[in-house]
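Heads up, the next two complexes both have subunit A, just with different partners, subunit B and then subunit C.
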Partner chain A sequence: MPIACLLTCLFLPGVGLMAGGYVCLILGMLLAGLGFVSWQDAVDLFGKPELRSALGLTFLTCTISSLMSILVAVPAAFLLSRGRFRGKSALDTVLDIPVILPPLVVGLSLLILFNHLSLGEKSIDGWLVHVFGEGARVTFSPVAVVVAQFTVCCALAIRVIRSTMDEIPKRQEEVAMSLGCSRGQAFFRVLLPQAWRGLLGAWAIAWARALGEFGPILVFAGVTRGRTEVLSTAIFLEMNLGNLRGAVVISLVLIAIALVVLAGVRWLGRGWEREEVLF
Partner chain B sequence: MELVLKQVGLSSQGFRIEGISLTLSRGSCGVLMGATGEGKSSLIEAICGLRKIDSGKIFLNGRNLARVVPGERGIGLVPQDAVLFPHLTVREQLGFSSRLRGLRGAELESRCREVAEALQIDHLLGRRSIRLSGGEAKRVALGRALAGEPVLLCLDEPFAGLDAATRGVVEEVVAAHRTRTESTVLLVTHDRGEARRLGDKAWSLSEGRLSRINPGMLGEEGDTKDTAE
Partner chain C sequence: MLHFKRILVLFLVVLGVAVAGLWQRQISRDDGGAVLLYCAAGLQAPITEAVAAFKESSGERVELRFGGSGSLAAQLELAGGDLYLPADSSYLDSFEARGMLSSRLSLCNLSAGIAVAHGNPAQIFTVEDLSRQGLRIALCNQSAAIGLHLEKHLGSDPRWRMAVSSAVVSMGTVTEVAQAVALGVVDAGIVWDAVADQFQEIDFVALDDEALLPTAQAVIGVLAASKNHEQAHRFAAFLNNSEGGGRIFREAGYRTIPTLDKNVGRVGIP
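What follows is the complex of A and B.
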């Protein structure tokens, strides 16, 4: 058999084997986790009020930080996608920093920014406490969890929304403007309605990333039970307490939530796509 | 509305045009011809305010358009590649401009239907533009511009790719619109027949310079060499 023919015959099985091996690794991890714990472990763990509080705070902070990310990412992505200005590539690089930095560095940088960067006589946190009282302190508070999540998630959301906007021809907005739209109207009537799938995808990715965020939260918000503990940091806490089963249960819950969110968003996207074809 | 270009110059990657001057009186149709890549579409985009000019001035009915944003110019653009909005139905495309100007309800529906019937696309009103053929998309793009009742209609090869029967219908619609609204038309085309039938004045854009040609002579050898692709 000629070598070219042999390579052709082996190509698909080879590719399948490599991809399949990776899928097996992921499924193996999940199955190992599932086999390690019992249903009773989960019932016992989430029977504790502090874990239920962590679950609630996780949902709340992920939702707030992902929505904030979309709110900031849409104009930023528009600027990068449509704008022509000096320093654009520098701005592009700056917006990648939160994604490429080690997570602990993000947390540490936030800690320094809020507590050690002097603005006149006080730090940012110092001013907040001075003006609004002790309750306004960000560091080691639930607000810090949101800030830490937002810092990383927003950069990811910008990437996703920008690539969506890049795929929509700029000429559509130009034609809309020639037909009577202002720049803002062209954005809201032509660009944004076409970018909704990208927005939805960006929100889902931001939400899922916020769910798994650990390093920045640990450093900037700390892990105080019933106050700043979220599921990702609860795993760390349970492991430190020697409760490996508890840590695995929380990990499986995190995986399940992420899967539900991502599958839900994909299903919604497909549903709307089908509707568009029909009507 | 009278369109006047005075010593207009603009450049982009691959071409540079300069010293373009022309006058198109109210209700007349000017034809712009020339080989591909000479900058005809860019000149139209500059008139519409979508491209900055390097030099010169553009006046519409005596008003210098330098500081007038595209949406305020009252120009209807039909781009060469139609550029429909894929998320909108044909009805929404036709009503796009009128809706921006405050038209609603029965009045808006009547305007859309009137234009759609004239262009024989009324059976497509509920369809999204991604499901249209090339010829249908061209007619929708023309209808979208016409429905806004522009004072100046800029048509960038609007009849290219249409079959002879449809082309006839579309040409009639443009002519009827001109007569009814006294709007001025600037048409870019490679088709000498179109230029002869529709144009009152014709220019050829070649090597960055504009030269006047007689539309009545377009069928004859010698007067058309500038327009050959």
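What follows is the complex of A and C.
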């Protein structure tokens, strides 16, 4: 009995200690980074046009890859959540591959897919160049950054949206269909409006993941200053130049951007939630 | 429902604007006319400057791709390119043996040595010292030129094997090793002399035994499959020129090789 009492008394402090320890680790990393650099380092670094270009490309590519992920993830998650068909488990497993694969393997596989998979006489890149001209080449171009990010982010988005859809009862869609809605109308008018919080969360996770993506970009898009350089690969370039302070400044900027996006999404979610309660 | 429609419209507008912005970047920087150089990470600083100087003097563009010499070789084989500059010529030997190289030019000598914290507080002077108890050592794996170079020349030396077995980490590029020493994460690491010069926080201890560990050569190779063969060779020649790339390399602390490599022109270079 005294042991049970002791365990009960220690439960909350123990849980708090474990969670607090992890929070301290994260904050410690941030503080160590902040202590390593000065404001002047940041001013010097972002005075360079290449870095401003990398910042711009980072926002563009993360936005496109995360939105495209949502566009593809919604129907895929719907299939997995509501569909009953042969091969569903196999499809589920295949959709997990980009998440479990080592990042460099994703990059290497994309490189081989676009350059060595033969479609008739040419590779995919070969056909794109043949039909649309040199500007349409994907490998080692800004578009390759999006493709590399999308490959990984979409799988994550599917997981999040699927679990959201699983939590929404099918009953309401079935009722809507019994009242005359088609399958599509039930999807757009009943399921999606209820899943918006999950969609927003999936978008935020996809965006943040795209922001930190490095391995596939390094291999498939290359690290070319001012062309395919995004913030995560800019860290690599600055480190190669021996500019450790620059690399840390960029890391802190990445953290700050990720925090702003995640906090913004959380704030939006709460705001809308309150609005729904009011009306 | 109203919210949902608004979000959908916002979604499509943002996606459209972002795609337009990306496409602008994609087409405004058409690669036409640029040669593609795969360059070892350790040579990033002088090569970046040399590319800018080459563009200023000739108007011709060179696009750069950085990484460990070995991983770049793999990328190059898959995606193609015009020039390859590993930090050790042995990578080019393999390319040449397979008929993938049309010519090569030596640029600079690189000596491997021990990078230690400023003032050498751990008193590390020889390869034997690296296996001393309690020291934290970082080495490069064989995807980097220095890793391959060390394994090739010291692989059978028992002192080196001892050092390798006591290393706490193996890294992919020589600059990562230099950074680890500069940050005080490890006590010592093996780096190229010129790479050590880029870090104020580290001292370089030379291994003065040429018989034990010969000097490596950074050699640029023009690839046989290059579509801009003449332009690629012009840039290689610019790097080799003592008043062009040679001056930039010297100013960055590299020991350049002033004369043209004896191999130049042997595979039909104009």
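By definition in this document, the second predicted complex is superposed on the first by the 278 of 279 C-alpha atoms of A that agree within 3 Å, B and C clash if a C-alpha of one lies under 4 Å from a C-alpha of the other, contacts with A are read in each partner's own complex, and residues count from 1 in each chain.
One rule holds for everything that comes next: a contact is a pair of C-beta atoms (placed from the backbone, for glycine too) under 8 Å apart; a residue touches a chain by one contact, two chains touch by 3 or more.
What you see is a predicted model, and the numbers here were worked out from it, not measured in a lab.
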| item | value |
| --- | --- |
| Touched partner set for A:Ile97, first subunit B, second subunit C, both or neither | neither |
| Partner contacting more residues of subunit A (subunit B vs subunit C) | C |
| Contacts of A:Asn240 with subunit B and subunit C, given as first, second, both or neither | second |
| Partner chain in contact with A:His116 - subunit B first, subunit C second, else both or neither | second |
| Partner chain in contact with A:Leu179 - subunit B first, subunit C second, else both or neither | first |
| Which of subunit B and subunit C A:Pro142 touches, first, second, both or neither | second |
| First, second, both or neither for A:Pro193, with subunit B first and subunit C second | both |
| Partner chain(s) touched by A:Arg171 [first = subunit B, second = subunit C, both, neither] | first |
| Overlap of the subunit B and subunit C footprints on subunit A, listed as residue numbers | 189, 193 |
| Complex contacts: residues of subunit A adjacent to subunit C | 57, 60-61, 63-64, 67-68, 70-71, 108, 111-112, 115-116, 134-137, 139-143, 146, 189, 192-193, 196, 218-219, 222-225, 227, 236-237, 239-242, 244, 272 |
| Complex contact set, residues of subunit A against subunit B | 169, 171-172, 174-182, 185, 189-190, 193-194, 276, 279 |
| Subunit C to subunit A touching residues, read off their complex | 1, 3-4, 7, 11, 14-15, 18-19, 21-22, 25-27, 29-32, 36, 41-42, 44-45, 48, 63-67, 71, 74-75, 78-80, 173, 175-176, 178-179, 182-183, 195, 198-199 |
| List of subunit B residues in touch with subunit A within their complex | 45, 48-50, 69-71, 73, 75-77, 79, 81, 83, 85-87, 96-97, 100-101, 126, 128, 144-145, 148 |
